[in-house]
Structure formats: C-alpha cells, structure tokens
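Residue numbering begins at 1 within each chain, and the chains themselves are lettered A, B, C and D in the order written.
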Amino acid sequence: MCRFLAYSGESIFLEDLVCKPRHSLVRQSLQAAEAKAVTNGDGFGIGWYGERETPGVYREVMPAWSDDNLLALCANVRSHLFMAHVRAATGGGVSRLNCHPFTLGRFLFIHNGQVGDFARVRRRLEAQLPDELYDERRGSTDSELLFLLIMARVRAGAAVEDAICQVLHDTADEMEDRGVTTPLRFSAALADGEQLWAVRWASDHKPPSLYLKPQRGGWAIASEPLGDDAQAWTAIERGQLVHVRGTEIDQREIC
Amino acid sequence: MCRFLAYSGESIFLEDLVCKPRHSLVRQSLQAAEAKAVTNGDGFGIGWYGERETPGVYREVMPAWSDDNLLALCANVRSHLFMAHVRAATGGGVSRLNCHPFTLGRFLFIHNGQVGDFARVRRRLEAQLPDELYDERRGSTDSELLFLLIMARVRAGAAVEDAICQVLHDTADEMEDRGVTTPLRFSAALADGEQLWAVRWASDHKPPSLYLKPQRGGWAIASEPLGDDAQAWTAIERGQLVHVRGTEIDQREIC
Amino acid sequence: MCRFLAYSGESIFLEDLVCKPRHSLVRQSLQAAEAKAVTNGDGFGIGWYGERETPGVYREVMPAWSDDNLLALCANVRSHLFMAHVRAATGGGVSRLNCHPFTLGRFLFIHNGQVGDFARVRRRLEAQLPDELYDERRGSTDSELLFLLIMARVRAGAAVEDAICQVLHDTADEMEDRGVTTPLRFSAALADGEQLWAVRWASDHKPPSLYLKPQRGGWAIASEPLGDDAQAWTAIERGQLVHVRGTEIDQREIC
Amino acid sequence: MCRFLAYSGESIFLEDLVCKPRHSLVRQSLQAAEAKAVTNGDGFGIGWYGERETPGVYREVMPAWSDDNLLALCANVRSHLFMAHVRAATGGGVSRLNCHPFTLGRFLFIHNGQVGDFARVRRRLEAQLPDELYDERRGSTDSELLFLLIMARVRAGAAVEDAICQVLHDTADEMEDRGVTTPLRFSAALADGEQLWAVRWASDHKPPSLYLKPQRGGWAIASEPLGDDAQAWTAIERGQLVHVRGTEIDQREIC
C-alpha cells in the first residue's frame, strides 16, 4: 500500500500539495491515515510537466520525510500537471527502479494497489509485453508491469481509458487462470502531459481509497485528503474513472 | 528519540537480537512501542567487536526495515559485544555521519535522548573539546558531541563512569548558564571491546526507557523489550549505571 | 580538487551546460582534463534560481555520471542563474552535507580548492563565526566554512567582493600563524539570485583553473572548457574577480 | 567492464585483498589498469562465507573508494572463501539490485564481461528460466541472468562446470540466432561455500583479463594483479577453468 496525489490545472508550486498541507503527502509518508501501512517510507518520487514534452522525474529510496532535495525541488518547481507518490513496498526491493512514478516517453504513471500473488502470474504477464516494451522494464514491481501493459495497448492505438480497462480484465483473467484468489487492486493515475486519468478499481470490493477535490484553478486527486478540509474531498467510487484536461473534468464508470 | 540495544556475553549472531525477535530493533524502526517517535527510520547503525581491537561498524541512512545488507550482515556476523541503533532524527540531517554508533579508537557509543535546545549550547560545548578530538567531529549531532566530550575525559585519565558523570553535569550546567529549560536526557551505551556501560539519566524525571535482561550466556540492554517476554526485562532506574564485563554485571547509581 | 560551472544570462535549460556539451560537467565527473583528480565522483550538486527568492538545490552522494535524477532535472529546469559542482573529496566524508552548492538564504556557493592543512586551522576559523552562522554549519568541509565566513561579513554589511577578499586574507593569516605551509587555493562562485561573482585566487602561484566564455545571451564560467570550443574560453587570471549581473559583466583584480 | 577478485584458502581478513594491496580492488574502483573502463564507480559488493551455509553479502551503489562501511567490514570480517566486485555499468541502472555478487541459496557469483547486444536476446534468455528462478530475478543485468541460467542447470543436476559450459554455448547460440555480432565475454567466479570456480571465456579472442596467484595458505583470483608483485600472478588462458577446493587447485580447459 502506498499513498499518492496528482494535480491538473493552473500552474502551481509542487509544494502547495506535496509538502505544505497539514496532512501533505510528505506527512503521509510518516503517518498515513487510511492506508493499511501507516508508514510509507520505502522511497518516493515526483513527476511533473514543464516546457518539455517529456516530464521531469525525481525518485529516491530514502523516506520522503527526510529528504531535503524534495523540499527544495517542490519549493522551486511549478507545474500545471504533476504527480507524487510515497511507497510502502509490498514486493520488489527498495530501489529507485521500483519507485513511482514510472515514465515512458511523455507518460507518467503512479499506482497504489497490487496484483495478488504476483509471483504466480508475473511471468505470463511479462510475456504479454511486446519486444520494445519488454526492454523498457527496469525493476521488478507489479506496478511498473501494469504500466507497460497499458502503454503497449496505447501504442497499439487504444484509447487510454480502454487500454486501462483491458489490462485490468486481462490481468484479472490471468490471475483466475492461475488459481490466484487474492484480489487485483488498482488505484492509479496516468498522464500524458496534457491529460490526467485517475482510476479506482478492484476485483473485489476494496479498492484503495481515492479522493477528488476542486483545487483553486484545477483538480487534485489523492489517496486521502491532504488538509483539514476533509469535507471538501469527494470519494471516487469503485469502478470510476476521472479524466481531467486542463481544468475540465469528466467522471464516469470505467469497466 | 531513537531505539537501541547492546549485548555482552557469549558470542552470538547479531540477528538473534537485531532482527529475529518479534519486537526486534529492526521491527522497532518501523513501529516502536515506548518511544515518543513511533517511526525510527532516519538511518541506523551496528557496531561489533570481533578479533580486532577496533570494532566493525556499518551505518546507513536508509530505514533499517528495508536494508537487505543489514539482514545479511546480522545473519553472518557473530560477536561477544555489540550494539545497534535506529534513529529518529531530532537535529542534524539524515546522513551517515550523524548515525550511531559513533566510534573512536576501540570505543563505540550509542545514545537516545537530547541536549535540550542544542543550538544554544553547541558552541560552548564544542569549545570544551581538546584539539585532537575537535578534529574528530564529523557530523553535527548532540550525541556525537557528548561522546567526544566523554572520550576527552577518558583520554585525560578519568574512569569511564566518572567521565560520563562529569560530562552530564558539565553539560547540564552549561545549559542552565544559557537559560535552557528543556531537559538533558541521556540513555546510552558505551563499550571498549571488553566492557559495556549503559546509563539511564535525565536532568528531569523522564529519562528515555532502558531495560536489562539476562540473555543466555550474557546480558542484553535495550530501549524496550525485544520479544513477547516483557516480564523477563527489568527497567533500569533513572540515574543507574549498568556495567558488564563478559558475563559479569554490576549495577549502581551513577551520579 | 573538484570541477564546477556557473551561468548568468538568458534563461536556459540546465542541461545545456551541465549534461549536453561533449566535455560537460557530468562528463568531467568521470574524466576531468585539467584537474589534479581525474575522477570527481564523490557527490555533486546543482543550485538554480527560479521564481522564488531562495534557490532550488539538489545534492547527491552518488557520482553525477550515474544519476538519472540529475539528467531528468537538468532537462526540465530552466534558469537565468545557476551553478553545478562535482566533487573529489579531499577532506570531510562523502555526505550530502558536504556536497556543493552550499546555500544560505538567497545565496549559493561553490568552491574548488582547499584550506591547506585544514585540521590545524579549522578550530580557529570556526571560532570566527558569529553565533547564528555557527549553528548553520552542517558538514565538516573547509568549503562550507569559507562560505559561512564570507556570509558573516556580508551580513555585517560588507560588499560581497570585500567580504571574499577579507576572508581570503584572514584565512591565509590564520594559516601562517599556525605554521601551515600548504597553500590556500580558492576558485569559487557565489550568487545571490541576481548577481554572480567568480574568483580565481591562491596564496601560491597555482590557483585552480577557471575559464570564462560568452554564452548565447549570457556568460558561462567553468573549471575547464565544456566543449570542443576551447578557443572560445578565456582563462581567468590569478587574483581576478568576475562579476556578472544579468548579461553585463565586469572583470577586475580582487585583492 | 568491471573488476573483481575471489579467494579460497586459509581464513584471512577481507581487507588483505580488498583494501590493503597497493593496487587493491578498492584502488581499482578509482583507477583500473587493464580494464576498458578506468573507473569502476557504479557500485560494488562483497560476499563471504562464515559459519553459516548461506553467505554474507554487502552491496552498495556508491563507489567503493568512498565507502567507510566497506573498510570497516573488510577489516573485521574474516573468511576462507570470499569474493568482491566493483562495477562499471554497461547496462542496467546503478542499483543495489544490479550489483554483484549475486546470490542464491549457498551460491555466490560475480561476472566481468557482457552478453553483446543484450536487449536483443534478453527476452529469449529469460524465457529459458524455470518458474522458480524467474521469480528470483531482481535486477535487469545480463550478469544476474547468466547466473540464474547456470543455477537452473545446477538445480537440474548438472555439475557446475557443465552448467557454465552449457549456458555459455546456449547463450552464444541464441545471440547468433538473433544476428548479434558483438561477442559474449565471460570472466567470472562462482562459489558454493566449499568450492570456488573461476572461468575466463569469450566467443571472440578477447576474454576479460583474469589472473591467479598462490596466496599464503590459499589462492587468489583477480581481474588484475593486486600488488607490486605482477610477476607472481599467472594469466588464466582463454577457455580455462580454475577449480579450488580449500587450498587444492585444479586448472583445465572448460569448453
């Protein structure tokens, strides 16, 4: 279990969401409220879009709460579209290669959840990757693999929303085939530099928490409310997709 | 606030105390029971005596719970006298230079506590160091400084016990001189390769917790009981010093 | 011995100087041409000014050549005034706290050189720091100390140029007093968000190399030429100060 | 290209080979003499056998030359059978997961060389892994994969020597099938707690250098001579295997 946030809207300093709120993501790295793991200290990462097509990324294995670089970066980098993630490792060692966000070309991806009993299906899922994405695999997490599987479908021409939906169902099928009974859980965000997609889904009835809030000039999405303003955050329902383009938002069932 | 343990007795694998107990130090790094800070993830260190006069030391800025090196080391290194520490930083950045144990020649030192309002007395305390120890200062913590002040007195001929006592009183005096009202707290262990000293002291009535337990063939000292055997651990009283040489133990008031 | 660069002028991506040139600073971390130490792999750092008064800083103990974060940051961060440094440790352990640039308020500082026989004068030099800067000391390098000594004079009202000059002479005097015969060498850059000062100085005849080049829309200063354009770089003479404000430049003897 | 050493014989302190010789492995991390890459600063690792069946392992992403932990460990750990490796990354990011030695059960493995054009054959080679070893893959290097492929054959009952030989030929065949013309190069050492195997092989005429020397009470194998005693080291010929059990040695052609 991990904690994350994503933002799309007017350009703001990353610190406004990552560091400054009373229950900021940096604070959640030390003490999350709604996560199975209270401590999310197994590395972290931020990704943001600026003037370039490909995003800036900073990932580190230290806990977010003790990293001075993170504070300095978030105080000085501004973005209209960014995400941040603090990790509680469930599988895959503590390594920058296993830290979120994962990136490929202009895409960024963060995930909270799991492929249940991943060791039993990892091989079959990796076999689904086309050659050129197989070579992009750097770490050993289920999260990175789900991202690459989604990217494979997007590159093959699928809409992002359909790609996510297909990967979730294919993965759940593969798990069932192999007799895996622990669930597939997927609260995640994906961005391409202009658009942001966030999904809350699970093969059982317990998808990881995900909240939405209108942020001055945009939208914030987070694993749990960031401030004292819990009432300003709306829980995204299980099976819902949120799609943000600039400040425009659309919310619907995904699959 | 930090958590630590120390051991003197028959040679055992470090993992028997550091990693394996149900409430081991590695476990306490993620979730301590009796500390002000639940999470002690700001680096850690181990120090042990083997065949050499100077101890082996391994210090790292990552949390103890996620460090594979620590597990492998503790499973393969055996010692008759060792200590381990997990840190919750109160001052001084997260850096190996600020991780315990501190070492000088054949001595090892770990500390849990604080010099209250350290910034206000740091300069005067550092001024007390003789030249050759001034140059040994690597980090910026109060703990390392207390260690060097003790070493200065030991090198000048004082018995370890007296050196500790003098430094505690001199430091408390310095704090009072500067009008510092936050307390001096000092639960610590010091070793020289043959002997182990552990002290629980504070200028107020709240010294950090410290426990003692006969371990098969020796003695274990720890910030909190390591296993389900809480009743086997005796709380060391405020103002007490425990002195262990091999398997022999002596406990008395320090000052 | 270390390698560094600084830039003032039109806003450019950091990668244009830090990563992309054939003999970029990242390349120099692995193989410098004019340094005593070929390898500058003991950590690195970048500092830049954006929209805030205080600069962004990223410092890391890994070699610059292997750090993916550095590449991603430099490709996405733009600045009108920035500096970067790769370290070959001569004293002070490899720690983020000992990596350049050092920062205080709106100031950034990088240094290549040494206080000869630093251990013998460290104590006296630290004693010159006013209380509030004494508490800002985080690491144990001579470079950080020279920076704080300069800051002390600037805070006391001295012009930056005079402050540097005074600190160089006072330090050289202190060294002479203590019978130190190894030289004081100081190639360094200092910035305050609007202005950049670079100095090449030594108490002997061998100040570390320093070059100047008009960069499209500004000025680049570096320990050695960054590209195949060696002829475009002018060596800054021993004892010279370069002062850049925006794109305007002034060069004169310092002291 | 990397540098490594291995030792089997009477129990000695690791520092006697890793740190102390004039041209020790730690020294080679900064400046190797016979390697394509002068600098081997992309992480390092040591592995040793003590009283346990499974070896102790310490791997770190920092350069070996600047790691105080390494010095302290090597000064205090003694072993009759150990290996050490400094890395110059050719593929696979700088991560502990990509540092040598790799370990599985009681086996340790270090490698200097490459699978030419690895990206083109990685997928097919990974497909050869049996399920239980597929799940043991942690990083993304060719070296780790060669190790797991050898382990697969050993677990299936092959002698270590035959397993290595088969993997080399199968891999070379796979490379040829895919039209890879860059060579397969393999200087490596493998140990199981009692025996040590070292091999120097290449599909072309340029296997990475490997030397052998009788060490007081045992045998040392290294990428290049460790001291001023170059004449005491014998070059292992291309295609040769060295097999050491305790102090007994056997050398023959491998395949």
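Just so we're on the same page, contacts are C-beta pairs under 8 Å (C-beta built on N, C-alpha and C of every residue); 3 or more make two chains touch, one makes a residue touch a chain.
Because the structure is a prediction, the values reported are computed rather than measured.
Of the two chain pairs examined here, B-C and A-C, it is A-C that is joined by more C-beta pairs in contact.
At the interface between chain C and chain D, two copies of one sequence, more than half of the residue numbers in use are shared by both copies.
When the contact pairs of A-D are set against those of B-C, A-B or B-D, over half line up by residue number only for B-C. Once the centre of each chain is set as its mean CA position, chain A and chain C turn out to be 38 Å apart.
Separating the CA-averaged centres of chain B and chain C is a span of 38 Å.
Shared interface positions of chain D, defined as residues touching 2 or more other chains, are 68, 93, 96. Shown here, the protein chains touch in all possible pairs. Residues 30-31, 38-39, 41-42, 61-63, 65-68, 89, 93-94 of chain B are the ones touching chain A in the complex. In the complex of the two chains, the chain A residues touching chain D come out as 93, 95-97, 119, 122-123, 126-127, 131, 134-135, 137-140. On chain D, the positions that touch chain B within their shared complex are 48, 50-52, 54-60, 68-69, 72-73, 75-78, 96.
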